[in-house]
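Two complexes follow with chain A in common, the first pairing it with chain B and the second with chain C.
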Partner chain A sequence: MKPTKILLTAAAIATAAGGVSAEEMTIVSWGGAYSKSQLKAYHEPYSEKSGVTILNDDSSNEAVAKLRAMNEAGNITWDVVDVVAADAIRLCDEGLAMEIDPDTMLAPAPDGTSAADDFGELLVSDCFIPQIVYSTAFGYRTDLVGDTPPTDICAVFDLEAYPGKRSLEKRPINNMEWALLCDGVAKDDVYDVLATPEGQEQALKKLDTIKDSVVWWSAGADTPQLLADGEVIMGSTYNGRLFSVIEEQKQPVAMLWDAQVFDLDGWIIPAGLSDERKQRALDYIMFATDTQRLADQAKYISYGPARASSAPLVGQHAELGIDMAPHMPTDPENAKNTFLYNYEFWADYRDDIDAKFQAWLAQ
Partner chain B sequence: MAALTPISRKPLSMVLPSVALAGAFAGVFVGAGNGSVLLGLLGGAVLIAGLAWVYITQLKNEKLARWINILGFGIVGFLTSGLMGCILGLLGGWFFIFFIYWLYEGRYRRKLLPYMTAQQVFYHFLFRVICGAIFVFLITPILVVLPLSFNAQDFFTFTPEMLRLDPEGYSLKHYRDFFTNNEWQRSFKNSLIIAPIATVISVSLGTLAAIGLSQSHVPGRRAIMGILISPMIVPLIISATGMFFFYSDIGRFLEGTLGLNKNFVGYVKVVLAHAVLGIPFVIITVTATLVGFDRSLTRAAANMGAGPVRTFFSIQMPLILPGVISGGLFAFITSFDEVVVVLFVGSASQKTLPWQMFTGLREQISPTILAVATILVVLSIALLTTVELLRRRSERLRGLSPA
Partner chain C sequence: MLAADGTPLKQSLARSLRRQKLRALLLISPLLLFVMFSFIVPIASMLFRSVENSIVSETLPLTVEALGNWDEKSGELPGEDVYDAFVRDMVIAIDDKKHTRLGSRLNYEETGMSSMFRRSGRSLKKLDPETDGPFKDQLIEIHDGWGDVKTWQVIKTHSAPITNGYFLNAVDMQRTPDGAQAQPEDKQILIKLFGRTLFMSLVITGSCILLAYPVSYLLATLPMRVSNMLMIFVLLPFWTSLLVRTSAWKVMLQQQGVINETLVWLGLVADDARLVIINNQIGTITAMTHILLPFMILPMYSVMQTIPITYTRAAKSMGATNWTTFWRIYFPQSIPGIGAGSILVFILSIGYYITPEIVGGTKGVFISNRIAYHISSSLNWGLAAALGTILLGVVLLLYWVYDKIVGIDNVKLG
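After this line comes the complex of A and B, so read on.
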């Protein structure tokens, strides 16, 4: 091909690529099975209804850093972002997320209950629209834990009864609470103890007893892979990931629900969007967080819908046809002993305890 | 090659320790697989040395020994770990019996020069073993990926079914996922749009720069060269951060002031960023080719009345084409493999294949990534082979090379 011809072709391709319709929005989420559940429950029906093309960006992990950079550069390319509640609180405080008025911007429940009442105390920040309740819990290999499967959280710290590797998340949150709980601290006192330097020492000391047997994870997909490999005998991760390992991948793994930690995940809309994009984002949010849509998501992944009115609508898994209720972290059978992620405590102490935890890790 | 050297049998005192060493080496891997490295090491050494001793002093029949050894290893392998073990056993058995007689009969000297000392012969083979080891070291990580991409499960794990070579353990579903999943298809398409355009830009600019910089009268040649190849030297993450802010401003100008389509501007940004990364490779390869270029040819062309442009396209370009093409290949691969800059500069609609693989690896360890990796490996091999064949053909046509 002659050089001029090449250039012409290149220009033609570029123009073709540029000619895509403007009715597009970029939704940021976590990827994997979770994004797939949102695609099926929210994106596909919304695109069909409104004709808007939805682009997925699996960047929720870096959402805070990237939104800061985008804001600084004055070039916000995201329309709706899926973040955990703690990140939403931070983004809201920094003015990077738009404030939401639940009464005018969110759909009321079918029986007329206002959205504010329907979400209730899960509206932990002015900018945050809760979507799901998920939990961080343990899964264990049924074939590698001997004849007495673990039933309480302290099995994680019991190397005698359950020898072998376990995987824990590479951060202090949750691990410190579990360590104290298994070191004789009463559940109600955990955060009081953890607020003191001695309490933090105590937790790290407890973690020290299993340090050599721990594989640290940082991505939610790590523990499922490690369990499937038999590289660890038990490990913590998000309950939806474990559901997929157990029910979809049919691995010899079972749940240890004891002392699971509830957390919230939901949407924010970045501050500073143009009016046109803001309207589109709000329209999407109104649609995607209504009662039916939240219940629909539970057909694809085992996370509990954040609206009280959605709970009775949770049915069966869309492909497997099994009842989803017993797999929900909020099911009464599973929720006998639970924590709720303590946003206030970790907002105040996170930096301090993080530093100590990292120093301890490096020892 | 015909035999150079008459061969003679070697003493057992040399053969037995050598084969024991090889046996110990293989034993380490078998031992590691079964829990005890030391036991494997000792067991391997004793087993192979013992077998060699039996074959050489007792059996004294090479053909019979060969079949006994190959089948024996195969059967033991089959009994311990099924079909896969059988195949490995047959291969191992074949190798060891070959090795034992190769040493014992002195065949290893057959193709070497007769006057080489024992030490020279030893280094001759040591060199080959090291070369082989380096090759294995480089290629194994790529080869491991290939069978895993046919995994029937959604994990990066060699399942027991796979190790038994059971068809149940294999599936093409990850390939199906790649070809039917919108996200993968879109990112593949994006890569196919971005990489060639970035390559064309890098090749044109890089070649021009190289030709300019090879003129002796350009002032500050070295400084300019240094700046131009800096994207290759500066850590990528630093270039990426800088590019993020730089292209944000450019993007705002193109979108806001000129009113161009947002998507189109996104592609322009990524293409330009990738072109910048590719230019150094083109400059370096073209500069290297220009060293061997005879300047009197351009003067001769000018003498006959050709303008500079005509001289370039009909005299200089054909002669430096191999350098331009290999520079272009590097630029293409740089853009095709690049993940850091596109993560910063691109937005979701410019998601390229490496980006999709990167997020896929972090969020969901899906073997679809391995299927894509396999496809890319095959594509790269095909691409390089084609270019090499074309190069040889053009050399043959121009009579540059007798081959």
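After this line comes the complex of A and C, so read on.
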């Protein structure tokens, strides 16, 4: 062996022996356009500032199961994980995510407002640091709905005015709420009704009226594809996906914002990290969830920043050069009638209603 | 009889044989260890998870003991001793952050437990078990669920460290104070899915046999140069990613897809009556038959290659018709290939879930889709393990039946 080679080998062994190199961290997210927006808005500036190399892992859709398996194996290889709020609550309940103190671990707003007040009621779990507000809303084909485009959520259930297929997510969440809303239940009573077996039956009965005209989706990319191919005339999906169909791919699709359901996506730090890694993860979180960084992300994807103080800083799309504010689910024009995902209700009822929903689907 | 060195021959032989056996064991030990740790141990731990339920008795040891004296069928709330024990257990559990985990576990059995434990945790943390009693009324004040007989029934019914509860859930039943009972009708789904999985796997295996037999026959009888060419066509899709092939079927089969567009263009199908051939059972069967076809062709082909052409010539020379030659001479010799291919295809298809999820709609999904849901979404790993165990049992049972009817030595891969 030549001396240089020996040196390199020695260095490699030393690095391996030290476990994860001191300058690396693994961040888990969803992949695709969403990960790209995080790379531009958070990872690149952070690496430049701190010198830490960030490794990306696109495993967020199975993060809960994987974190549990890692926890049982006693070897946690992830440092920061991007999950939806419902998963964060589950991880927190299972003791798999670390509790966060917003006042000491998160940056205050530029005007001095504490992080707790800046995020407000979006801090839905002790372990969760919200990043974006996204919504599940409907998109429809402008060329297939006739002269009166739908403006009301109940158009989804109106086969006479809007004949054709519609795509809905293959799970009860959101669909049950919309069904009740269009079956005459007042918005404030939806969850009280849905908590009873009769209410669940009522929602399924309403869904029964359109069951034969529904294509059920399980991946967020399905509805955009179905709309683009003309397989369905309207369908629900995440608003960012619809933004890209409408503005980037220029398909004849428009938004039906009525009764959109807000949901949150954000970070958790796995429980049981070594002190050194925990410190690094917290340092990243402090940087990546400050007011400017959250506003920066909206340049790359049409999801609203979770901090109140970030909203005025939202600018134009980095490539298309269009104003992003009107495409945000939180824009006042779009948010006239909205739901906020009821986390506590669904944490309790998800398994029960899901079993009924799946049994109903299989009939 | 004595060997050359004076020891009895029998003993000497045994010693040398033992050495041989030891050597053989050493030679296979890497594989044996590999199989042990990467296959048998995980499967065994999965099987165990389907009955393991120590979380209740470990998190609430005093409560479970106190509940032993309570008659759950009396319809009356347990006494102060249970509430006192419960507060003592919970104070420790909240310190270790285990109470929410227990809440999620019990929520699988009784909806509402999850938020009850999470919410009560915040208030219970402030109680001191030594000085703040009695607790019964305080607990009911914190959450009225603690004043519901059902809550305590659920805790007692599911307190055993080894439970059959997950297996009962897996066959649409549940554990209740009055023994095992059927789930409410609107929640029964799993038996139906088991049946559908078995039925569809059989249909897929059958259509694979029908399609693969002529192809393998061609491959085995054509000249080598041509058959090698054809073989590449069989293997090419085999090397393509599963997701790509499944998505390609979506493009083919959807209502605005290639097949429907062609049929409408030809005038065979009216524009407003396009065929529904995806998001249902037809979609699943079509896509999975295509995906699993190579697993049927390859064993059939390698068995057919070994069938001597002279037998069929002999039959024909003695006056047999083409059909008799095929049915009486060729077909029986090709059965081992059909058997091997069928077992491969059937067992693979029984565990499929990505393809049914993408093209199966609501009527074409398999039991594996539910297993995946419970592993990754609901985190009810006990139920997932019970479902997996039943699936494994069904496969072993069918294998045994197959052995009885066809005979397992009548299976050849070449």
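Note that the second predicted complex is superposed on the first by the 341 of 363 C-alpha atoms of A that agree within 3 Å, B and C clash if a C-alpha of one lies under 4 Å from a C-alpha of the other, contacts with A are read in each partner's own complex, and residues count from 1 in each chain.
Keep this in mind: contacts are C-beta pairs under 8 Å (C-beta built on N, C-alpha and C of every residue); 3 or more make two chains touch, one makes a residue touch a chain.
Predicted, not measured: the structure shown is a model, and the values here were computed from it.
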Inset, instruction - Go through the superposed model and pick first if A:26 touches only chain B, second if only chain C, both, or neither. - result: first
Inset, instruction - Mind working out whether A:229 is in touch with chain B, chain C, both or neither, as first, second, both or neither? - result: both
Legend entry - chain B versus chain C, judged by how many residues of chain A each one touches: B
Inset, instruction - Once the structures are superposed on A, label A:57 by its partner contacts, choosing first (chain B), second (chain C), both or neither. - result: first
Inset, instruction - Give one of first, second, both or neither to describe whether A:362 is in contact with chain B, with chain C, with both, or with none. - result: second
Inset, instruction - Using the touch definition from the top, say if A:220 reaches chain B (first), chain C (second), both or neither. - result: first
Inset, instruction - Using the touch definition from the top, say if A:208 reaches chain B (first), chain C (second), both or neither. - result: neither
Legend entry - Partner chain in contact with A:348 - chain B first, chain C second, else both or neither: second
Inset, instruction - Would you mind listing the overlap between the chain B footprint and the chain C footprint on chain A? - result: 61, 229
Inset, instruction - Over in the complex, which chain A residues touch chain C? Could you list them? - result: 61-62, 64-65, 68, 90, 92-95, 165, 170, 201, 215-216, 218, 229-231, 344, 347-352, 354-356, 358-362
Legend entry - Sites on chain B touched by chain A in the complex: 153-157, 183, 193, 196-197, 200, 204, 244-245, 248-249, 251-252, 260-264, 266-268, 271, 347-349, 351, 359-360, 362-366
Inset, instruction - Using the touch definition up top, name the residues of chain A that touch chain B in the complex. - result: 3, 6-7, 10, 13-15, 17-20, 22, 24, 26, 28, 30-33, 35, 55-59, 61, 69, 72-75, 77-78, 219-222, 224-225, 228-229, 248-249
Legend entry - Complex interface listing, chain C residues touching chain A: 97-98, 100-101, 103-104, 107-108, 111-115, 118, 183, 186-189, 192-193, 254-257, 279, 357-358, 361-363, 365, 370, 373, 375-381
